[in-house]
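Before I ask anything, here is the structure I am working with.
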């Protein structure tokens, strides 16, 4: 049996290598677009300008799409100078192409709520990610429960959405209140906004994980990219993507 | 302006009261089926037999459906004696009606993966919840990554599913590996299986929140009910439920 | 200067000793009623029946009032057998006298909200404490935000109260939502109701400490006694107690 | 029933929209003054100069009052240059108007104690907030229990106060000691002063939450604004504000 | 050089083996009395009756002294039946010999304070340990700061002591207040008395580690044995023990 | 390209299925012996007697070896009654076959040190695991650093070993001290022995992770099985196993 | 009774006020030298130059001694320019007078051990504090257990000391090993030296709190001042200070 | 007996002193090369340039090898200017000599896997350490499980290695997946790469400690040096080093 396995691995290996590209300090996974519906997204934090300058052309030439998240502004501007077609979104801290993504999936809409102005960067990262993945997205700011009437006034919009992302820091009551009002999938996006025991977003995350409203889903603190990606996957499911 | 608001509240209040029932120690929320698509689910932990005996007939008579989660076995059997139509699922620790839920939403299927045998109770709670919410559900056990070939052998089933729930304790690598293989919404369901630093499921939860696989969603540790509810809401979205 | 200080201490000491009673394993602080408005309340957890049997008559004979909190049911019934005038409240786990406290402070009212049925024990401990301290108290159950309309329907009652205590476990969104609706002092009473990351009440406590609603106050997890005492102190202030 | 609810929402929505103002990146809640007794207070941390420049005139024109907390000094001075009537309090890190708030509520007084010189900034934030809310406030510094005689010397002042705020870092014994001496509501304000296990204020917060002195209330670490607001709400209750 | 080292080890080894006794599941360290002034103290938790029955005669025959801490009551009574000279202290959960330890070190006295009745077991463990180590010890109960006058009345006793151990749970303000009043070494002994955030004694430990009172020393939560041992070592130093 | 991949999966799948056995609630991984050198080890905690009775014969018939760890004593005895050849080790809480494992790998020896008698169960689990994996193993008890001479006396044994496992609870200084004395791989095995801040073994784990002695390796708290397995893998490497 | 108490307070108050000095932002406690044997030590962190310039002359003029700990270098040099007699110790980050403290207490000696070079700053803070308090002090560097022979070579010095302070970061095995070798009081001084799970010193603190060596005492992480003060108090006790 | 011990210590002491060198602020342990197979490695973090300039020549002259880890770039360049033969590796943040270490141990090979580009610095520290210890080492980058095919394609390389180090941040699934595929010792090297709940590497560490794959070993977060040293010790064991 061992012999067979080895040759199967060789077979597998050659196939797998076809979708990989080794550029020394990194191994690009060009197969990801097939498996996951979008090319490899680059996590910008901690990568040097030199590394990103090598990665970008290779990813771009293969798939025609780029998304670099959590990027430092200085590095972003340097990259943009070289590649003027790349769009820099300073609020979301993302560098991307195309600059104005098209809506590919006509059925369904993603609604992104931000509890406060300071939650906007993360909310925009979510919205931009979903838009790049071909979905229709809308943002509503300042929906926190300290002024509950602001949220209740938007109930019709909540009910029209297919998926809702609710970004909130501090005690993050917003996602649970929203999930108690509608029967749509709601993705809580806890943010690191806060101080004292609320610093770094743990209070917000715990609130969303323990919500009494049934079916509330969570992502990591400040993970706008993940929330947007998950919302897009739900839209894909609604559009019958396999 | 104040006058108007007061009368609006009165209006709202009367309406809201129509959907509530006060039974002394509890206020039943009969409006939840309208808002959330399913009547109020009873959290069994910490409720006395006497309290549950009062709640059950009231909920049942209104909606014809019952789900009590995280219920103690002794209380469950006592309740079942009184209400023989209720089905007791000892693995999932749920008491429910109807005993064999019908599939109401034809489009889409939920696949529930359990990493190990000890993760089965939580996985079953998820599956039962989704089934009661009218969805088609299937469970696969022992899919943990310590034997990766077991999971890879099921890739076709993973690709046929509409939503995947992956229940895992200890280091919970399963949900992230699954989310790296398919472009469907994947809901991680961390369980409290483990010991030492893995006791109580925090290691499992952190693993799922920090997965590199884009778009992985999480619920609270052992929250099979929440994972099943969320998966059902995605199926509803796929079926065009408003 | 040292000489003076020593004699001052002697003076102080004799005075202090007048309000103390040494019963071997305990030093009773009979001065507390003067300083704090109520005799020493006994923390029942961890005390033996023998210890309590010695403490009770001494406290009772001095002040005519007794409150023992967090008491084991078996010990409570044994004590009640000896002192049949003591009232045992099994939900609040308190043994107390008088059985039916009188309202001493006419101005103002305390409203105690419980988010769910399982939060009732802690809410009752708060209500009972405040009642023994001479205040008017009312409890409302099942006010959790998963069914927001139940709470909104009670807005007039919220607005009539002088102080509000809001007991809630899990993600404890209730206290913050209440504090966003009214301009009364609101005391959050986080409870240990929950499981997974919500077990032991830390998620609930963090939610109340980080609420965006200005002016929300908190006590320790499950500290119904403290919440009730604080609310009574506010009622005393309203009644001009010095 | 659904039809009615929708029209009620429309009704509610229009009313709610009357008290809101959408300025793109924020939704101002002008109804807060009616509900909470003071216009929306701006959390300065994380807001850009551009955002604050848009928010200030809109809030000011409506209510004639402004409070921006936790503000960066550089941004504060830039704002002050444009709006010279705004007062910058560098210790409390607050920008506010009016510069010298009037006492509106004659009954009752708030006493703010700071355990050490380093706790003064947070104590001042509390005092300033309460003053802007119309209350009479006094600060006493360096009252920490390492020199207990300093506190005992102020007992008459403690007994004259209506509400006491006690700000302390490190082991924060002060609030509990104060609450053991008087029968007034005492609000513990833990500060992030400390190092080692005391860094960030968790030790201080735990001390105040676990105090044996009955009825001690807590706010989040460094939340001077919240402590001041809560104290003011108690003063309002004493003055019969509805 | 290697050769020399090996022979030195052989030398050392033979010497070390002289003070050790291998009884299969344990290696008794008879040299400890020489190094540390008292024979090996047995940590009772988790040891079986069979193991203890083997250890006791060997330790006893060598040194004539025995101390077993944190012992289960059932095992203690079984051991006492076999060795009737052993004294069982059920409060301190210690089994020991001699039953009434003699004072060996005449200079200096240890004062053990317990904040509440529930802190007595740990305080007694400390007092018993120090007494077995030959020191003069006195216990004072119910010295918690919620009734500060009780403590202040004892100032002369505090000033007469050579070392003070202050046992306290919950917010453990007592040790810091004591250390602020006297210039003697003060050993804080945090106990696991409390609930909510105070459960398990972490709040108490943090309070003692962060005390503003200079020179306060701490031991582990509930470590009465360690506090008593340390206090005895200070008394030994005062008596010139080398 | 997609077509190729699908057929590769089919190929892989069939192969993978050959080494799997689906028994309803579990999927046995018979390929593990090939990949990992030992058949699937059963984690006993949380498994029912019924589940284990189904798993045992299937695993046994395939590989002729069985190891069930962390097993409840009652279940163990029931299983042993059915399968009298299985050996029950009550200290290590393991049920296994063969009862007396043979030494398969002649080169190298594993030395297991236990700091105290209470660390023996975990140390025995490690030793038994390594023995079942074919290695030569020796245990030394009571090597804790409170009596450093006991350890130094064993230096020759430490230097003769190929790999050392050092099991210790509380402050776990033993593994670091050992790793500072020899140039062999040392595996720290932190145990949950302790109380207060040492309860559950976190203090022990942190000590081993932060040791200044270069090259110290750690496993999870109480993970004797993991330590034994890792030590065996090193012995395999020494014996040239591929 | 109330009348008496008030007049006692007046008495106390006047006396207490005699030893206090109010300088606006601070209340100096000149009575501390009488109570605690040394004038108030200034915690430098977070104090402004302006505040320190006001505090220094007042403290100095009264007691002739100054110690400012955890001081920023820039502020220190500015203060030194004004007060050239003050000595700045940049390693210990302390500003003090007298520059060369005299030995006042002849009996006994304090030995300060530092595990590594990076632990020296905290060790020096301890040594300087004890020296200013009149004690004889000696420092030994690089005594960490990774090279156990370095420590064992110093055994005679350990045995000559009256009190030992052992400063160590990372896994902090040194204090426990020392306490296992001698029968002197040993004060563990955990430092924040380390990274990963050792960052901020929690691993070090836990190690010292959980040491198996009986009688080990701990202070807060990096609290060199506290360790030195406590050691001095023990020396005072040895010298018969009351 | 005491006399003998003292003279033995004198003997030991003199011997120990022969291998030590006191340079004031440090005590160099020249005996470490004999005991541990490599001279003392310098932990660069927190050491000043002046300290390092004194340490380097002394260590170098004795052993001919140098390794300084976690060094600041500015200090490194200053040291290199003085000692141009030292090699500065900016990725691994190590300064070392020889610049190109020779392979001393011919049997066995270490394979270092990095999950992502951002894990490379820590992986290189591990590789460099092992190389300086005389071992053959190879690095493979970007092996994270989000693209599982990249790892599976390298299975032959995994199977050829003697020891594998797997560096990964975020949810760190890589080490467990690798350990499930091969029967070689696998050392998990969790990195501090991540954000939100993944910041600082705790999620990564917990994942590796709780892996279901039997025998996975862990080191501290970012401890590349420790992982490399441990891997080298295993290679030494394979090569029969005593």
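Just so it is clear, A, B, C, D, E, F, G and H label the chains in written order, and each chain counts residues from 1 on its own.
The rule we apply is simple: a contact is a pair of C-beta atoms (placed from the backbone, for glycine too) under 8 Å apart; a residue touches a chain by one contact, two chains touch by 3 or more.
Everything numeric here is computed off the predicted structure, so don't read it as measured data.
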Inset, instruction - Count the smallest number of chain-to-chain hops linking subunit A with subunit H, moving only between touching chains. - result: 1
Legend entry - Contact distance in steps, from subunit E to subunit F: 1
Legend entry - Longest centre-to-centre distance from subunit H, chain (CA-based): C
Inset, instruction - Indicate whether more than half of the residue numbers at the subunit B-subunit C interface occur in both copies; give same if so and different if not. - result: different
Legend entry - From subunit E, the most remote chain by mean C-alpha position: A
Inset, instruction - Quick one: report the Å distance separating subunit F from subunit H, using the average Cα coordinate of each chain. - result: 25
Legend entry - Whole-Å separation of chain centres (CA-atom averages), subunit A against subunit F: 41
Inset, instruction - Express in whole angstrom the distance between the two chain centres, defined as the mean CA positions of subunit B and subunit E. - result: 51
Legend entry - Sites on subunit H at which at least two other chains make contact: 12, 15, 116, 146-147, 180-181, 196-198, 202, 205, 209-210, 214, 220, 223
Legend entry - Of subunit F, residues touching subunit B in the complex: 9, 12-13, 15-17, 19-20, 24-29, 31-32, 40, 43, 45-47, 51, 70, 190, 192, 200-202, 205, 220-223
Inset, instruction - State the interface residues of subunit A toward subunit D in the complex, per the touch definition above. - result: 116-118, 120, 140-143, 146-147, 149-150, 152-156, 193, 195-199
Inset, instruction - Would you tell me which residues of subunit G are touching subunit F in their complex? - result: 115-116, 144-148, 170-173, 176-177, 180-181, 194, 196-198, 202-204, 206-214
Legend entry - Partner subunit H, residues of subunit F touching it in the complex: 35-38, 41, 108, 159, 162-163, 180-185, 187, 205, 209-210, 214-220, 223, 225-226, 229-230, 232-234, 236-238, 241-242
